[in-house]
Amino acid sequence: MTILASLAIPLAGALAIMLAARISDNLRETMTLITSVALAWNVWSLLPAIMAGDRPEIILFEVIPGIEIGFAIEPLGMLFAALASALWIVNSVYSIGYMRGNNEKKQTRFYVFFAFSLAATIGIAFAANLFTLFLFYEALTLLTYPLVSHKGDEKTLRSARVYLGVLLTTSIGLLLPAIIWTYLVAGNGDFTPGGILAGHVEGPALGLLLGLFVFGIGKAAVMPVHRWLPAAMVAPTPVSALLHAVAVVKAGVFTVTKVIVYIFGIEHLFSTPSSGWLLYVAAFTIIAASLVALRQTNIKRLLAYSTVAQLSYVIMAAAILKPLAEIGASIHMVAHAFGKITLFFAAGAIYTASKKTEIGQLAGIGRRMPWTMTAFTIGALSMIGVPPTGGFVSKWFILAGAFQADNYVAIFTIITSTVLNAAYFLPIVFIAWFGRETEGAGPDHGEAPLPIIIALTTTAALTILFFLFNGPVIALEAQIFGGPSS
Amino acid sequence: MALLELYHYWVFVVLLMIGFYAVIAKLNLIKKLIGLSLFQAAVFLLYITMNKVEGGTAPIFTDGAVDQLYSNPLPQVLILTAIVVGISTLALGLGIVVRIKEEYDTIEEHEIQEIDRQ
Amino acid sequence: MYYAVTFALIITMGLALARAIIGPSVYDRVLAMNMFGTKTVLLLAVVAFMLGRPDFLDLALTYALINFIGVLAVLEFFRDRASRRKDENETES
Amino acid sequence: MTVVFSFFLLTMLIVTAIAIVRIRDLFAAVMLSGIFSLLLAANFFLLDAADVALTEAAVGAGISTVLFLSALAMTTDKEKAAPSNRIIALIVVTAMTLALIYSTFDNPAFGDPDAPIHQHVAPWYLETTREAIDIPNVVTAVLGSFRGYDTLGEVFVVFTAGIGVLFILGAPSGKPRQTTDLHSEGLRHYLVPRVVGRMLTPFILLFALYVQFHGDYGPGGGFQAGAIFAAAIILYALLEGEKSALEAIPRSWLIAMTAGGALLYSAVGVAGMLLGGNFLDYSVLADNPVAGQHIGILLIEAGVGITVTGVLLSIFHAFAARDKF
Amino acid sequence: MSALQAHLPALQVIVPMLTAPLVILVKERRLCWAATLLASFCSLAIAISLCIDVLNGDSIRYLMGSWPAPWGIELRVDTFSALLLLIVNGSSSLALIGATASLDRDIESSRQPLFYAAWLLALAGLNGILVTADAFNIFVFMEISALASYVLISAGPNRRALPAVFKYLIMGTIGATFYLIGVGLIYLMTGTLNIADMALRIQDVADQKAILVAAGFITIGLALKAAVFPMHIWLPNAYTYAPNMVTVFLAACATKVSLYILLRIDFFVFQPNLSGHDFQFSYFLLPMSLLAILIASTVAMFEPNLKRLLAWSSVAQIGYITLGASLVSVAGLTASLLHMFNHALAKGALFLVIACLGISLSHLRIDNIAGIAKQMPWTMAAFVLAGLSLIGVPGTAGFISKWYLITATLEAGSWGPALVAIIIISSLMAVVYIWRIVEIAYFQPADEQAVVSEAPFFLLLSTWIAVALNFYFGLSAALPVELADSAARLLMGQMR
């Protein structure tokens, strides 16, 4: 029942928001907060049972014989749902400040679709089989479209078209055939520990199927299907946060990981040489995206490319196909979420306060906005992987996995990209704190509105706290993969 | 004699194609409808040709005749229906042509297309 | 005997048909059509006897009636057209 | 010997058809198609299809000629010389002709009594008609009872065409036409047609009734009777003018007839259902199944006749009324 | 009750057919509408009842006039016909619920009784085709429905409806006559008109030349009526200029019934008896289907007129249906039949939206609807949702058929992946032409002067029922899937 409640709460919330908006804006935003807290409460209440090894599941109904809509909770999905629902609270607080601070129009539509998107995200996280997952995956694409195209001018529409186009093309064109293929050969698409394809698909065909899945899940933004991510930068910052940290890209890498673990099966993939290409593609994406990020001058675009690179960390970690690396993948999802949401919040705070969007304009801004830039710095360090931030933990596990597999490509990639990350983040931090502000370059401004500050401080704190207290997450994930001790 | 007997079928084919030609090649709408009725008439001929039994007579019993062969009544029934369908279609088609003339002041297909293109 | 009559009728029908096709004036065609109808009635009557089914003379009767109505309709239309043409000519000149 | 006669008639048929297609005067084309119908009907008669011959003559030479002429009166009677895809059409048609003629070589020989077509269902009809329906005209038996459902469909096809023409020609016209009062006058001022026509009209009506009720015994039946009945009224309209014809049978009656005939037919079918048989089962209409069949066929033929008369006259009036805009 | 139960196949036709003459005797147009609606709903109830019966047991037979088949006319309802009966009666009922506002706009009240009668006749004709087991009887009812639909289309408010309907009349009559020739040739060789009996007796025909010609005539004739590419040229204009409600009704079912006859006769009579016919059938249908899918979708992407855009999309969707059938396998046929059902749902809903728009807009060009989502939020929301079903987004009915179609093509062998690619490309084209409309309706600034208000309640109601059905059958597709699967097995079961 709790599973269905998790789905129903955001939906009911959307309705409540719609109705509340007729009365007053304050009520509408209160509704958003209430809904997000209720959802988080509900999702987190599932945690103890899952930690204890329980696997609740529910079959809603049978669509066509053999294909059901059903939900089942396992550690990976639990982690994702817990993450998304928690970050939604923070994001809601931030949204209130951002939307008001920038006088955005059609705010009701924004909050309603935000709530809908969360419902779809929870659906993805808890899906019990490929079909259900695909259903919510597509729903998420469509429900975020109004958010991405929020501004509604010609340029935004064009970018939103790219967003929708790439995601729909890949999902209908590659993911759907892959899913149907899976159902055809395996008879079902249930997520089963150990995978369901062993004995059905072997050799080169397996590599092909993996390709269909990985490139079909466009949300994972593996090159060359990453184009939608920079394009979606036209959206308001809370939406970017949703895309990069809370829901969309996380849904992508989550789906890839889940497919690798529960459909292909790590063992089966590891024993099939033709699937090895995935690691190289992920490694290439990491390096290439980092190089592109180096040359960006717009903060949000830089962050977008950084996301492309970080996502491929998860993919690469999953593709190492060793338990430690898999744990690293799931932890990196969390760590990156905390770090990246902090960075976006900071970028949005700068925009709200000063309307600045370019890196060159940031000189000396640390003195005007100390809270914001502190958070930004923490986020950047986490991206690079410097202790004491969450990013360090995940890189540690991934490296450990790579050594376990004697995978030197992965090791080399991680080291190179760490250097590159440092190369594009540290200059920003440096000029923000130590650069000299050009005279009369912009309006006089101080910190961003209070809700924004609260939100970004919270996430920055989380980034650091995750370094200190990551035990439960590892324990949770160790249930599937066998922990570091084993 | 065999060829003479196949002649009925050939006439069916030739009439069918004359009608078909008129329908596709003629641009005057009324001429098309005339062609259409020729086209259908050919089919009537096909069916009625089938119904004939050598040495038979129309399937209407005559008093006192024993061992009389009768032609097949079924195709006749079918064609009675088909004739009615044909005239119904024709009436409807002509109604439409009259309305087209009122609206477009022409019943030549290419001229109508010309007007619509403007 | 029936055969000879039938042949004669068919030949007459052929001639009437030729006139109907060649025309050239409307009157030729109307006359030809009328004549053709009459010959068909005769043909039907003769054939009915030839096939030994004289009860089919009803059919010939129908044909005669239809033919009469058909010719009248043609004439009516023709008169209509003639007067319309005259109107058009008058308005034009 | 009839085969030889057919040969000539069929050849004339083709000649007429070609002439119809080639001739540019639509008026002449319509007259020629009247001749075509008569020829076709004569052929049907030679092929033992008396009922069909009767219908083809009444419909092809009578009703459709009148319809075509009404339409021509409102449109034009000259086909314009126009660019057309004649060559392509000719090639397509020739190719199809050759292919079809090739396929006919395997057809069962013309008139062969042993052909499958004459062996399977046809003998059953002939036998069962004698036993179960007991009327001489097998065609009427098949039409009215064995395949009465088809005939019901046929009545509704006519009905659809009727309401269709009323609907289409009931639309408001694009532009008003100049009023010519010629039609309403009719041919009243011409002595010979008027006298002959007046004498003939009652006889035609009487003959229509004969065809209607003699359908069980000879060629004829509801449809043919309806067509002849309508033709008689049309003749009256031609002679005495539209207006008088409408006074004789007003429009509302025609609508009622159109609907009433169709309803009568269906009602007979439903009655069969209510009395414990299947739809259109006439045997249950009377104590004696054969008598029931007689009643059923009589009633449905009446329904056919009424609807056909109503529809054909409605169509005729719809065309005629349009002309006087 | 059980006595009535036995008569259901006959009543399926009689109820709407008998109401037609009654309707023209009534002068009051609302009364006519009510009678038509009532008859349509009765008919729908009968169809549902028949559906349940055939799913529980064998096919239902009914002897007209109590004469035994093949001498008398037999009615036979099996899962295949039941599926189509649901589509036909469902779309008619749905369209009628909200029809009044739209029809009052297009047709003068004096002519409305005739219009409703023609509607009922079209419905009766389509039902008649679906329940009969007699090849000639099909022809008769085909003509009733065809003539009635010419009348319905000619009611279109634009004068261009007239040439469009004339073209339809010519092509439709040619198609029906071809069918008649084909039936005649088979009758000549077998001596019977009952389809089941034909299939039996055709085996004894030694020489198949005439049968082959008959198959050719029947296939081409029915393909003409079903608007199979490239014989679709009558369809776009006929659908565009018909009154909006008529488009809802006919677009959802008319061409599908022709396809029904095509499949029924082909699979019952020709496939089992003509050697190599499945190959000929595939090779005839497959390329045409693919061309239809690609070309019609391309045209739709650039078409400025909303209705014609959807009409072109229909041509493409017919391509999907014939593609499934051309695979000549249980999976392919299931996909094909399922898509008949699901496409009727999606297209019906979309044309209902068009009808909503047509109430306040006189021109349905794509630039006329700029920003209209603000004035007509319910209408455009319905458009988006129905559009998703047409695209085939999961959770909608359209997805279910796409799923089956891809499954079937993947099973088809070496051709499979290429066919899947084409299906997917055309799905993306559907995204383009649907999204083009959505974007303009939602994001372009509206013309401030235009006075546009939301569509009337009943029209919106039927639109949203259609949309809801799209989602219901997208999430719980057991009924259509079961029907389609059973029908496909029935068809394939005829092959030996």
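Residue numbering begins at 1 within each chain, and the chains themselves are lettered A, B, C, D and E in the order written.
Please note the rule applied: a contact is a pair of C-beta atoms (placed from the backbone, for glycine too) under 8 Å apart; a residue touches a chain by one contact, two chains touch by 3 or more.
These figures come from a predicted structure and were not determined experimentally.
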Reaching chain C from chain A through chains that touch each other, fewest steps: 3
Chain E reached from chain C - shortest hop count over touching chains: 2
Any chain that touches chain E and chain B: D
From chain A, the most remote chain by mean C-alpha position: C
Pair of chains whose C-beta contact count is the highest in the structure: B-D
Distance from the mean Cα position of chain B to that of chain A, given in whole angstrom: 71
Between chain B and chain D, centroid-to-centroid distance (C-alpha), Å: 12
Centroid spacing, where centroids are CA-atom means, of chain A and chain E in whole angstrom: 44
Centroid distance [mean C-alpha coordinates] between chain D and chain C, Å: 19
Overlap residues in chain C, where contacts from two or more other chains coincide: 51, 53, 55-56
Chain D, residues touching no fewer than two other chains: 50, 72, 100, 104-105, 107, 117-118, 121-122, 125, 147, 150, 153-154, 157, 160-161, 164, 168, 171, 174, 218-219
Shared-contact residues (touching 2 or more other chains) in chain B: 16, 20, 50, 57-58, 60, 62, 74-75, 78, 81, 85, 88-89, 92, 96-97, 99, 103
Contacting chain pairs - touch in the sense defined above: A-E, B-C, B-D, B-E, C-D, D-E
Parts of chain D lying in touch with chain E, wherever the complex brings them together: 99-100, 103-108, 115-122, 124-125, 128, 145-150, 153-154, 156-157, 159-161, 163-164, 166-168, 170-172, 174, 255-256, 258-260, 262-263, 266, 269-270, 272-273, 277-283
Chain A - residues contacting chain E, complex: 61-65, 67, 69, 131, 134-135, 138-139, 142, 149, 152, 157, 161, 164-165, 168-169, 172-173, 176-177, 180-181, 183-184
Chain B to chain C touching residues, read off their complex: 57-58, 60, 62
Residue ranges of chain D touching chain B (in the complex, touch as defined): 3-4, 6-7, 10, 13-14, 17-18, 20-21, 26, 29-30, 33, 36-37, 40, 43-44, 47-52, 55-56, 59-60, 63-64, 67-68, 70-72, 74-76, 79-80, 82-86, 89-90, 92-94, 96-97, 100-101, 104-105, 107, 109-113, 117-118, 121-122, 125-126, 130, 136-139, 141-143, 147, 150-151, 153-154, 157-158, 160-161, 164-165, 168-169, 171, 173-175, 217-219, 223, 315, 318-319, 322
Chain B-facing residues of chain C, complex: 51-53, 55-56
